[in-house]
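Both complexes shown next keep subunit A, but they swap its partner, so subunit B is in the first and subunit C is in the second.
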Partner chain A sequence: MSTPGDGIPVQDTAFVSEQKRRAAEGGLNLKPSSRMPAPGSPEPRRAVGAAPAARIEDAVFSCRDVSVLYADKPGLSNVSIDIARQQVLAVIGPSGCGKSTFLRCLNRMNDTIAGARVTGSILLEGRDILGKEQDVAQLRAQVGMVFQKPNPFPKSIFENVAYGPRIHGLARGSADLDDIVCASLRRAGLWNEVKDRLSRPGTSLSGGQQQRLCIARTIAVQPEVILMDEPCSALDPVATARIEDLIDELRASYTIVIVTHSMQQAARVSQRTAYFHLGELIEVGETNRVFTNPRQKLTEDYISGRFG
Partner chain B sequence: MTRRRQVRKLGNAVALGLSLLATLIGLACLGAILWTLVARGISGLSVQLFTQMTPPPGGTGGLLNAIYGSLVMSVLGMFIGAPIGILAGTYLAEYGRDARLSSVIRFVNDVLLSAPSIIVGLFVYEVLVVRMGHFSAIAGAVALAIIAIPVMVRTTEDMLRLVPQGMKDASTALGAYPWRTITSIVYPAARSGIVTGLLLAVARVSGETAPLLFTALNNQFWSKDLNAPMANLPVVIFQFALSPYKDWQQLAWSGALLITLAILLLSVIARLIISALPGGRSQ
Partner chain C sequence: MAVVTAKRAARQRSGERYFRAATLVAALLVLGLLGGVALSLLHGAWPALAHFKFAFLTREIWNPVTAQFGALAPIYGTLMTSLIAMLVAVPIGCGVAIFLTELCPRGLRRPVGVAIELLAAVPSIIFGIWGLFVLAPLLQRHVQPWLIAHLGPVPGIGRLFQGPPFGIGVLSAGLVLAIMVLPFIAAVMRDVFDTVPDVLKESGYALGATTWEVIWNVVVPYSRIGIVGGIMLGLGRALGETMAVTFVIGNAHRVSASLLAPGTTISASIANEFTEAVGDLYTSSLVALGVLLFVITFAVIAAARFMLLRLDRRALSGV
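== the complex of A and B ==
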């Protein structure tokens, strides 16, 4: 594990070593473990004319050499990336490239998958979250997650939102809990639609409303970061547009990482975009720049393939 | 070509005929059993059945003490068996889903599920009755619990697995520890399924004779003492049916009808609940 700060993250760099490119194009048959530098040995990947890394000052997350093995099958290989505060980072890439795997590293949901092993270092506000000392419940309160399929609990709308605050004991008394629920539903842009039927089951809402309920439920825990894994892929265009607007509003208060298959969506909602390919981070940079002027051939192929 | 098709058609018709026949034989047996039960039992159905004790030979009486004993021991057995079965099922479905221990437990549980109940009776006889020195309702309840546990383990695991993973993940991602997720999300979501499992286990347990024969035995009198032998429908039916006395035989038939109706009712309720479940499946 590298100490924080000594690694050069793949930030806005044009550089991908030949080895990495071949690995990416040729089906990634390199074992990630063999690619990890032995302690003390110089890492070849960094040596070859790397452009000075545009490391992000005051990053919320800073990941270095994060790899994930699923029962010895690589899911993510040596990803180093910084995630900027109160911005939206879009994560794009072909199916199976490790987007969800990467997202699940950030709130340690990979812990729940039998056989999954995460190595490297992930700092959240300078604190290593992969260590044993990290309380995962507290981490997940700080880093919320919204899933692909809206998954409200089989409880009332109110109880869905109140669930998180109850777990973490955030409310002092029931009036306080009411306030938290109300504020969260407002922020998620759902209040006006549900204020008269808070005791109806969460599942009685439409798909788009359910997804906003899930966002409200996440916000209610007062997280710092919200992870979204294809939050709109089960929704129609109108509901999608509402969620996208919501993401844009939420950016003022939260750091958001969104996985999406829609490049239009990535372009619309994000400030920075990361492109993953076969478990590797190929390129990350300002969204505009990545879409108009990708520095990597793989990125360009992916983007143009979809656009053209 | 046409010949082959004809052969295939013929094969299909034969298979269809055979399976129809098998179904009819099965249904006919069931029908005959039910018919005999109703025909012989119904004449003995009266208020007396529920208000009087089992009579001495030649006398008149009812089945009150046996009905009471069956209820007490079934309920007590479920009180012992249900928590163990539900918690074990929870372990299999949630905590130890992929653990090697779990596949061992599942295998052993399946063995227990199909073990002849007389073996359970013998086991409890050895472990409890012999040590306590006498038959007792407690020993009967323990035997019934041992029969209920594998049923509960199985249904609980199946029902908990029906709860969508996305819901559990959502709870986990909000920072809930597994136990919190299980009690606040999974159990409520699987509630009707677990209740169904309970009902099925009660239905299974309430007709068992062999384990009670070795444990609670029987009691001609009204007894509330859990530490003493206790009357119960299956054993009373067993003893009365084998007796030479007409009155006793009649009571046995009526008792059999009662148990059958009760089990039927439980199963119907269980089925109704199951079909009302999302994705309602039948067992």
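== the complex of A and C ==
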């Protein structure tokens, strides 16, 4: 997979020096030429291990050379990226570029797809989550996920939120469970709207309320990271604005990764933005910087609306 | 040009009209047939129903010599064999369906699914022969003595497992029925479980649920109405099944406490005795049995359809 028109693949000098250090230690066998390609030289863009990644101190997630194959068809190629604590990372890119695939690597949801293979390494708080020893259920309790379409369980509003704490045994007694449900609904900004009808089916709510219910359901498990895959694409502007406000509040306690098709949304809610193209990570950096001063031609084309 | 088009359109319209009329006639014909069957059944059953009145439903006696007929034994046998069949077939059928939709490796899904559908198509007389010559002796020699020895002395349910091991009887008929409706139930359940949206299951997994928790807490609640519908359809089949049951039930007009004892069912009685029924009251009583079966199965199928309809509507409204 070669991408035309890009110059320097590595953005952060900190990362480059880190690469050098690791190479020097023998951890990576980089050829000197692939480590520092001359600008504009006809280098193969991605040499082994030299994917663009911004090193971040105290990252929650660090992904290195993560690739996904769907029955031998690549869905993601050599993505290396760090995800900062208590920030919102927006993932943008044209349809089919691997945004969802990347997101689903972070909580091993790709495991549920027959024929999907994930390689590389993903460290969550320094612990490799791709290994066989990783308890997937526990990982997913730590890394929650909100989906594109609001999809409450066929249960009451209360039970929807109580489900996660129940299966993970988080509540000591029913009063405790009530507290967790109440607190989660409050955090999701839904409490006032549903407090009188907790026993009604979750599906009786409006689309925007359902999505906030799904967020409440996710935070009831007390995750560390929340993944959101186009959480607003099925919602109207008012409901979208509410979710965006909510994301901004949640950032204080959670690390959030949000996939979005709306550049405005990415700009509004995120501190960092990653741009994907054809399964590769093209650029990642401060949201402001990426939108005002993209370093890659592909990113610039995308955010200026030339394609995608 | 325009004239030709108009002509063509007119021809198409009249063709449409004929087609519509033809299908309407076909539909009405079926309805008329159904009504006719019901009416002629009632007409045939009338002498017996008028003679025995309500007691026809509650009496166990079935004596062609004295012309005393009561439907209790066939009704009991029909309901009991169907109940046994359901008790065995529903959990296993559900298990098969869950395996097929949730756990089975992709490559195996189709072959196993097709095999189950083929099994559902085996003619019932084959099951009858197999039940009589293979299953019944097996039960008689190995299973029933064990049941009698171990469950017989238990207070309460013990009464169901007492008496000599005949091999044929209510239990054997119920088991043969179970094997017959199992593939049917599994196939319907699989279709029902397939209606559960993937995103719903995924959000279960995303909360850290295990496969078992997702099945039990998401798949089953979502498809509960369809599950009931599938059970009812299977029940409808079990209630009306004739051939296989006639082979293995023993055909005795008795209501026995023991499941090991021979009994009879409505359809088995009719099939067995119709050719030798002499006297108006005897024939009429058999027809009256037919009416009872008609009513029971009709009610079951109607309930099943109704529930499946509700499931469809819910699926449409995109829950």
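Following the convention adopted for this analysis, the second predicted complex is superposed on the first by the 251 of 308 C-alpha atoms of A that agree within 3 Å, B and C clash if a C-alpha of one lies under 4 Å from a C-alpha of the other, contacts with A are read in each partner's own complex, and residues count from 1 in each chain.
By our rule, contacts are C-beta pairs under 8 Å (C-beta built on N, C-alpha and C of every residue); 3 or more make two chains touch, one makes a residue touch a chain.
Just so you know, these numbers come straight off a predicted model, no measurement behind them.
Partners subunit B and subunit C, once the complexes are superposed on subunit A, run into each other and clash. Within the superposed three-chain model, A:Q296 lies out of touch with both subunit B and subunit C [touch as defined at top].
Touch criterion met: A:F147 reaches subunit B and subunit C at once.
After overlaying the two complexes on the shared chain, residue contacts for A:Q210 are found with neither subunit B nor subunit C.
When both complexes are overlaid on chain A, the residue A:A114 reaches subunit B and subunit C alike.
In the superposed pair of complexes, A:K155 makes contact with subunit B and with subunit C alike. By the touch criterion stated above, A:I167 is placed in contact with subunit B and with subunit C alike.
By the touch criterion defined above, A:T273 reaches neither subunit B nor subunit C. Overlap of the subunit B and subunit C interfaces on subunit A: residues 107, 109, 112, 114, 136-141, 144-145, 147, 149, 151, 153-155, 163-164, 167-168, 214, 217-218, 221.
Every residue of subunit B that touches subunit A in the complex is listed here, in rising order: 97-98, 164, 166-167, 169-177, 180, 184-185, 188-189. Looking at the complex, you find that subunit A touches subunit C at residues 107, 109, 112, 114-115, 136-141, 144-145, 147-149, 151, 153-155, 163-164, 167-168, 203, 214, 217-218, 221.
Across the complex, subunit A is touched by residues 105-106, 197, 199-200, 202-210, 213, 217-218, 221-222, 319 of subunit C. Against subunit B, the residues of subunit A that register as touching in their complex are 107, 109, 112, 114, 136-141, 144-145, 147, 149, 151, 153-155, 163-164, 167-168, 214, 217-218, 221.
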